[in-house]
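You will see two complexes here that share chain A, one where it goes with chain B and one where it goes with chain C.
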Partner chain A sequence: MSVITRAERGARTKLPPEQPSIPQRKGGTAGYWLYLLPGFVLLLVIVIIPLIFNVYLTFTKWRGVRTPEFIGLENWVKIFTDEDFWTSFTNSVWMVLAMVVIPTTIGLIVAALLFDVVGRKFGGKVGSFLRATYYLPQILPIAVAGIVIGWMFRPGATGSVNQILAVFGIPAYDWLGQMPSALLVLMGVLVWVQLGYPIVVFMAALQRVDPELYEAAELDGANWFQRFSAITMSIIRPEIFVVTLTCTIAALKVFGPVYIITQGGPAGATLVPAYYAYTEFFTKRNIGYGATIATVLTILVVVVSIIFIRVQNSMERKERAGL
Partner chain B sequence: MAATTAIITQGKTRVRPRGGMTKKRAIDWLLFVAVILGALVVMVPFYLILVNAFKTPVDYATSGPFALPQAIDFTGIQAFWERVNFPQKVWNSIFISGVVAVLAVVISLLNAFAIGIGRVRGRSWIVLLFLMANLLPQEALLYPLYYMFKSVGLYDSVWSVIIVFTVIQAAFGTYLLASVLGTFPKEVLEAASIDGATRWQILWRVVYPITRPTLSVLLIFFFIWTWNEFLIPLTFLPSNASQTVPVAVSVLTGDRLMDVTTTAGAALLSIIPTIIFFLIFQRTLTRGITAGAVK
Partner chain C sequence: MARITRKNARRGLAAVGALTVGALALAGCAGGGSGSEGDGDTLKLWHYEGEDSAMAKAWNEAIKVFEEETGATVEFEQKSFEQIQKTASQVLDSDAAPDLMEFNKGNATAGFLASTGLIADISDAVDEYGWADKLAPSLQTTAKYTEDGVMGGDTWYGIPNYGEFVGVYYNEEAFAAAGLEIPTTYDEFVDVLDAFVAQGITPLAEAGAEYPLGQLWYQLALTQADRQFVNDYQLYENPVDWQGEELTYATETLQEYVDKGYIASDVSSVKAEDAGVSFINGTAPIFVSGSWWYGRFVEEAGFDWTLQAFPDTQLSLGSSGNLWVVPENAANKELAYEFIDITMRPEIQAIIGNNGGVPVAAEPADITDEKSAELIATFNGILDNDGLSFYPDWPAAGFYDVIVRELQGLVTGTQDAETTNANLGAEYEEGTADFR
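Right after this comes the complex of A and B.
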């Protein structure tokens, strides 16, 4: 791999995967490690070591001062019988519904409408403007979004939602103080924040669809829905996949809105794993137990990612075999 | 948060031939109205922020949340501005996000150069290792980092947050840029190499200028993502002097003692920088999020 002559280079039609793109004078690819050094050192100090430390903490009892006391599997035993822990994971399912299932479904419909109906019949400018409007909540710091929603749903007569209801003669309601409304409000916020992302991604994906395919299908007598499900869905499947994966991970990690809007309440009913771990760390000072929750969450994120990628690979393989 | 999940790649946005404006049927109008109504619902909270930020508490109590203010009043905005020393918070946010964006782009480029162009051994594992930093729940690093920063005296310093986000954002940048550089035109690199350029020179005189558009998209995304972050700044920046905008807003309004109009004022002030940013970079942003989400 040391010296590559002109002739060799000319004869090569394809770059072998293990060869660097630049012809190497000496030393092969080893010199490139120098370029990885700063990034790798930072990764080691900020991610890898803390992660290992965190796993170690799951076997300890620690209040954050003095040295952690080793207690073996106690935290791990506790976590399986901890009702709050199971509540928090059940709530993750609701978060997935609010951040993945609902936004992706509505996003698909809105993107298709914006592209097919608005874009084609009312002009591309109108389409892009509406797309930007739907996207706007995405750029809001989630903390700020949470605060706004928090005051909209304030209990009593000062909350704007209650004020609107008062117009219709409906008495004030404590939205965030009871179930299931607290969870529903939280989910509503997440849908609101999240919706723009799939819309923007799907609209871009729709540009890949060849209009001729549509025209052919139309001539064959396919209606809009048939065209949508047969052509559009199959072409933008990769985007649907990416959106679903990234949003699922985000849904499992959700923290800000819970911290700001409900604080996990009422009585732990809107607890999510990330918030639960946070309170164990900084409110109750059970560092070891908090670390255990965080570790379980990490494992879950990794498992979900692996499953997603496996499913996608096997789908791709099937598709290739089918063609 | 959510935006963190966006995927950036360079790509051309093809405009599908529209074939003129075809005739609109009743159903088209119906669907059009539905999409507009949806957009209006999405805008409701923004509207509420805007109109209530300029009301007095009395005005709010009498006219309700939807009415326009009877007179433009700045007391709510002013109260928030002074209580949190808003200019300082904005500066902290700009400083943190700006430094992170630049450092993370540099680290991403260095990593991606070794992986995408140098094709070091085991590079797919390396990419995966870096990507982990981005996918992991931040809670899994939170306490150890908290402890580490406390012991080295970086706790409550903006640099703690800067270092953490440089690593997290660079993880995503490495993943993305490595795949972009993996398809870098080989002829260009070979030509430079024949002319006697060293690797370092190739990186800065050949690769960097050509990938600059992608790097600028990354830069903008890193800036916004860092700006919007909440958990880590909340944990590592407890004091007033070092807080970021989102943390300052949440700390102040968290006690629920603040009146509605001040809350609206706080919300308005804290979204203005983001909105300005959005308007300036709207095109780049959309290109970034959209263009071929799959790479």
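Right after this comes the complex of A and C.
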């Protein structure tokens, strides 16, 4: 067994620059900074200053007006023993399942089917129509969708879901008032809303695939699943990363559907960090504690993003190096 | 394409610098500002009563009278309750504050604004216009606050010109159909509940996702309580015993109501609107809720019904209505006081009374509507007993959500009565710690 030294590994994975460097104009780069400055200014005013202020607030007790009172690490100590906080983060795992794992998996399969089977057998228009249909829930404002879902799942005989079940002799159920049904309904809504996004992105990515690849694989006797795993998955891997990253961030900070459909209930069972921070900010006026929850959420989102990007870069490096 | 020269770059940097200063200035605008002098010709007024409500009708008339008498113009902005509730402290801390605003009463709301100095001490105006003489003592409680924002203090921060209370609505036709009498005692009330259940009817319209269930819970506690309990709970005179007689009774009885079928088992996700509608459409013959439903039931319930105080208790949920408050940064405080005074006139109060509202200073002879007269008589009966006991969520900011959450836990069987009270108590202690 040959041993590859660190230097050799570095040499093997070292790649030529991906982009040609921008030719430098004589006289420096002042002109480029000019174009970047408005963006930096907005970043400073809209993101960085509020972020620093938010972190400062985590060390204070503040009711939203007048001067915040400095209380040191009290909020940070409290957050580690706060049962509601941990419940909200546990629920985030379910949100990731509903907004990332399930939609991305189904989205991959549906996109591949639409492109490889439906598109080829029924023509591109049918595929496009179905893609638009899947995307429709993404266009609907979540407030509107949430209210309608709330009506559908009303308890007793007034909810349409219970009315449909009654036709089959199934007794009415309090979908949003009991666990685990409230969480399952919420997750179902999120899957429904989210599904269109990966499908549209994956189908766009699949446009890059040379149809001859599929035909060649088919001639070689590859079945649909083999074509899917060997061709589709391999080619749209960058898009899978993008979808997974953006959806994970969205899942960690999900707010609208919870606010509209369950308001964290029943009995706090569908509480998520963003909604918890909101209630601390706006109903309890515990601004300092709300800021602490928001800061933890921000840190989590940043950490997850860094991990994703590093993994993606590492895989791309390996791929380019032919490893 | 224009070349980027050093001179152009400098100009560009200057422009970006100006943009930065402008953006920071805009951001700074959200901060506190001092009140500016008004022109004395415009009254900027905000309230959140629905256009068809008794209060909006009365205040629309008050606006006309005000404009005729003072020559000033009213610049009215319709707001939503949530909008004012959630943004008031930021708006009132700026130059965008109105001259007069309707605001929710209680420690966590008007009391909070009073303690932060965002709304004005109007004690001098109260003396000048003699409003105190028109308001019963228990109505004054919610208008006066301590410097910590606890109601029942010595300083006037608002004026209510209507009242509200929680009682029991009975569908008289449903009672007649079931061969039952409207109960006058608590025992009879329970007998009626049993009788309806025996006939396969869930008697109480309830909502666990919003305020009705919490109000029933507090009303049950009030059946065992005296005024001192209310003062302890609402005014922090003594510590509240969350495993004590009153609250244990309330929580256990509420659990019993669900177990015995007085309340539907799927109550935890029902909203107040749905509970009200189930009374209006005759599904549930009894509804424990507030006088704010009165006008709606007059309009929409197609059967005879009556509203009575909860049986066998001197204490009822209720208070003054929301308050007129004058922001400290208001530009035209004098105009605001003149407008408040007009809303307290008997002719404006009568409009509230004749449209399903509960006026606080109306002439009885002006109330021509029979149904409204019955409502006002019930309210006055509670006032005569010094029975207004406020609302369960008032003691601490955010306690409303806590009550909803904990009672959902109780009625869904997730937790028992003792745990529910322990959880409520912990949140109450935390939320009120700064005031006790």
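Everything that follows uses one rule, which is that the second predicted complex is superposed on the first by the 286 of 323 C-alpha atoms of A that agree within 3 Å, B and C clash if a C-alpha of one lies under 4 Å from a C-alpha of the other, contacts with A are read in each partner's own complex, and residues count from 1 in each chain.
By our rule, a residue touches a chain if its C-beta (ideal position, glycine included) is under 8 Å from a C-beta of that chain, and two chains touch if they have at least 3 such contacts.
What you are looking at is a predicted structure, and each value in this text was computed from that prediction instead of being measured.
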Ask   = Between chain B (first) and chain C (second), which does A:Val301 come into contact with in this model arrangement: first, second, both, or neither?
value = first
Request  = Figure out whether A:Ala267 sits in contact with chain B (first) or chain C (second), or with both, or with neither.
outcome  = second
Ask   = Is the number of chain A residues in contact higher for chain B or for chain C?
value = B
Task = Would you check which partner chain A:Thr283 touches, where first means chain B only, second means chain C only, and both and neither mean what they say?
result = second
Ask   = First (chain B), second (chain C), both or neither: which does A:Thr158 touch?
value = both
Query = Looking at the overlay, what does A:Pro38 touch: chain B (first), chain C (second), both, or neither?
reply = both
Task = Kindly classify A:Val110 by the partners it touches after superposition: chain B alone (first), chain C alone (second), both, or neither?
result = first
Query = What is the contact status of A:Ala172 with respect to chain B (first) and chain C (second): first, second, both, or neither?
reply = second
Query = For chain A, what residues appear in both contact lists, the one with chain B and the one with chain C?
reply = 31, 34, 38, 42, 49, 64, 154, 158, 282
Contact set on chain A toward chain B in their complex = 9, 15, 17-23, 29, 31-36, 38-39, 42-43, 46-47, 49-51, 53-54, 57, 64, 99, 110, 113-114, 117-124, 128, 130-152, 154, 158, 160, 163-164, 167, 192-197, 200-201, 203-209, 211, 238-239, 241-243, 246-247, 249-250, 252-253, 255-256, 259-260, 273-274, 277-278, 281-282, 287, 290-291, 293-295, 297-298, 301-302, 305
Ask   = Can you list the chain B residues touching chain A in their complex?
value = 1-7, 13-19, 21-22, 24, 28, 31-32, 34-36, 38-39, 42-43, 45-46, 48-49, 52, 60-61, 64-66, 107-108, 110-111, 113-121, 126, 129-130, 132-133, 135-148, 163-164, 166-167, 170-171, 174, 184, 186, 189-190, 192-194, 199, 202-203, 224, 227-228, 230-231, 234-235, 245-247, 249-250, 253-254, 256, 259-260, 263-264, 266-267, 270-271, 274-275, 277-278, 282, 286, 289-294
Inquiry  = Touching residues of chain A toward chain C in the complex: what are they?
reply    = 27, 30-31, 34, 37-38, 41-42, 44-45, 49, 63-66, 154-156, 158, 172-179, 182, 263-268, 279-280, 282-286
Task = Using the touch rule from the top, collect the residues of chain C that touch chain A in their complex.
result = 4, 6, 9, 12-13, 16, 19-20, 23-24, 27, 32, 86, 89-90, 93, 112, 116-118, 208-209, 264-270, 274, 396-398, 400-401, 404-406, 408-409, 412, 414-415, 431
